[in-house]
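Listed below are the structures to be examined.
Shared chain: chain A. Partners: chain B in the first complex, chain C in the second.
Up next, the complex of A and B:
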């Protein structure tokens, strides 16, 4: 009994050892010279492999940075710290960037919207969206089944009362939720932007009111109230230009449906 | 000579590893989007399968059978295949960097490509001689290559087709794969080796 166990271990062990030695010799013989800078850059990057920079992963981004093909500001996960570190490694000047966060442009909670039908299928937004644009009375709003929550690797999204909201201190701006949302209601905004038009409904007036109690009815009151020309109603929907917005809250005060609000955590 | 031809043709058409035995489906679907990477991948698989057949045959005959350890076949063969794949990876990284990049994760995944382990185990099950095992491994690789080339050729054409929205991407690819597999049933029983 013991002998057969020992022969098995010895046989497999020796085969493994032989291959191991052969491979380590081969790796020396066929070694590829890589730029030591790539390793250095890779060491600075957070290693989240989220792809927010536009490259397949941190390794590929590090390669591009080391070659000088990519900007050092693309890593959203690392934020300013990584930019500063990269600027040291690459000997270029660090730029100041504003941190971006994701924001869900919908407040159509259960009490604000109604269900058109009882959905009992697969519990993903993509699936319910395939059925007549979802079960909510507003066909633009959050479906609340959490495709974004599943896509988020940082626990930065929660669902409450059928609407997703972002926990901003956890958000690293990897944009995975933006891609995951079948309704395209998650957008990236600068973290300094507090005033939000929390609606994506491009319908007008009564049609919006019927669908949701906090929808944008495109009344243009906000556009008139804004002193900085920062909010524009376009295609039935108010949109804020955050380069001009000063968070003065004039538009919040005049919005009749309370669609425009201050984003608080 | 006639025998060799029979083995090669028989493995490619009658007993195709992907389309009849349904082994190695993962890379068949994963790497078949572009003809270039399909060719590279199947080249690597042909190499790994041929050498894996040779090495596993030797390991089986002179180590496992000799010490009565046939029950360790799977793990011993996986060990051989994993090492070979590592070796192929080293060579590709050194000599054909663009191919190495385009294969990406699928290259190390040859390790778990069941077609490779399948051919090693079938060699033993059919009690092939050494030469026959190597030939069978080689033609199994060719059969994988054949299936992959067929499939990626069609998929490249599908890219430009106006496919119904619900069938876009993977669904239509799976339907296509099913049709190819069905049409390969026509070769069934034509000749055996």
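Up next, the complex of A and C:
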């Protein structure tokens, strides 16, 4: 009785020992060389896996950074802190970047625009946009059914009065709303930019006025008022160059339709 | 002759053919008509006239050099007032020519019977006539009649099924213009060297079946089959199966199985065109629905505003809540009564408040009725689900592109799911290649 127990223990013990030796040899011989830097970089990244950097996820971005293929400034979710941390890990100089945020270029609320028809169907912007460019009188404006809200994982978009707006403190610039919007009215701007041309309508004067009370009619008054050459009317729409804009608000004062306004949270 | 093949699926829809005994009334020339440059599947035409030009009846006012396209003609004489644009349901702004009519109806010197000596001449003449499929889809007929080399066509099928509720414009065509239909068939048989013709008509139109049987007796090459009335019997693929037993594979055209399908109105127009040379500028449409006074059939010029057509037919009984271009199953809703009538429109339906209630959708209960109703053997329930998840791979795997958007699934759904709309959105996702995740 005792002997058979001992034999069993001995047999299992020897087999275990053999496997242990074999595994320890194999781990030395077949070792896969990994860059310890990848682990380190990955530890610094926030792990949101949002894809805003252009890579499939944080792991892939970490690999690219460790190899030196990617800039350290691409992670928008982490912001300046991650850039600073990455610069320490990668031994490169930290660059100063301005935080980017999304902004909805439309203020065509229920008051300002009209509904062309009563829409009853699937409640998504993409679906209503497939019918006569949407039910709003402005065919460029926000449809207010919240495709961007559904795309946002950070609770940074709300719909109010039929128009989406961004809660900037929550926005991490992952650009998912930009891709989700069928009207392409969400753009990325530096967080310091306060003056916004809240319109994407490229039609001309009268047509815009018929469609929306706060649409850009391309009157070029803002272009003349700007001392810094930062605002240009192109293709029926005023566009601000934020590299030159100083938030002086001269254009806001002259805009007859109040399309240009100061973004307040 | 009775139908011998029955396609699987489909639904029984109420017929509501209120206007079947309404003889076609010819609408007088309106003061202004607006002719869009796109009446067909394919590339839009470019206007050939300028503001201020004088145009005559039958003059070509728009053309395109693309293969799948069809020229546009004016049916009225008058002055071009402006080049405007019309918003199409898919969101496209299409150029249009607005003509102020002078009611003199002077005929353009180019309008004369075409000289046809060969098959090529015939197809060229059909292109010049501006004919598109008058059944509703508007596929340029010259492309349809011109099989690529190596493909032989042995059947010509004439579609008189008209399976959509309300619409009776093809029915009136068969009764009022039956001899045109027969001569049209003979012309096509002669030039395309086809010797088997089958006319398909649903059995809810016995008069039409009788009339066509009489004329089919004139030739032993022409057969007529009465089809069981079941929606969508008049869909091209269903009709081919019912009449010949052939199945058109996914992504293929009827030409690939040796079949050409033409609508009765198209055939009748071909005969008319060969005789007179007057291009396609008029269209018979059915006006019906709970919000109109008199259900009727009227002949209008292409480009007449919807509002005027309805006014001529008897006007509104009550405020319309929903206007459909086409039948209730596949028609597209229209919110602007100042839109022009297109070549391929065959009905305008105006529904009152009560008829246009669309119930809110409730969660899918996975009963599978849509699967049973689908004539294309697809699974709409999964299209609905995967469309919500934007799963392009699965949508493609389940062959969403084969859907003919007949609406049978939405019609039977007990949960009122908007299945056709989600399929349309799903198709758009697949076409975009899933780049928008």
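Odds and ends about this structure:
Please note the rule applied: the second predicted complex is superposed on the first by the 233 of 265 C-alpha atoms of A that agree within 3 Å, B and C clash if a C-alpha of one lies under 4 Å from a C-alpha of the other, contacts with A are read in each partner's own complex, and residues count from 1 in each chain.
Definition applied: contacts are C-beta pairs under 8 Å (C-beta built on N, C-alpha and C of every residue); 3 or more make two chains touch, one makes a residue touch a chain.
As the structure is a prediction and not an experimental result, all values here were calculated from the model.
In the superposed model, A:180 lies in contact with chain C only, and not with chain B.
In the superposition on chain A, A:8 contacts chain B only, with no contact to chain C.
By the touch criterion defined above, A:133 reaches chain C but does not reach chain B. Touch criterion met: A:121 reaches chain C, while chain B stays clear of it. Across the superposed pair, chain B and chain C both touch chain A at residues 130.
Considering their complex, residues 59, 63-64, 67-69, 72, 75-76, 79-80, 83, 86-87, 90-91, 93-94, 97, 104, 166 of chain B touch chain A. Residues 4, 7-8, 11-12, 15-16, 19-20, 22-23, 26-27, 30-32, 56, 130 of chain A touch chain B in their complex. Here chain C touches chain A in the complex through residues 87-91, 333, 335-336, 358, 361, 418, 421-422, 424-425, 428, 436-437, going by the rule given at the top. Against chain C, the residues of chain A that register as touching in their complex are 116-117, 120-122, 124, 126-127, 129-134, 139, 179-180.
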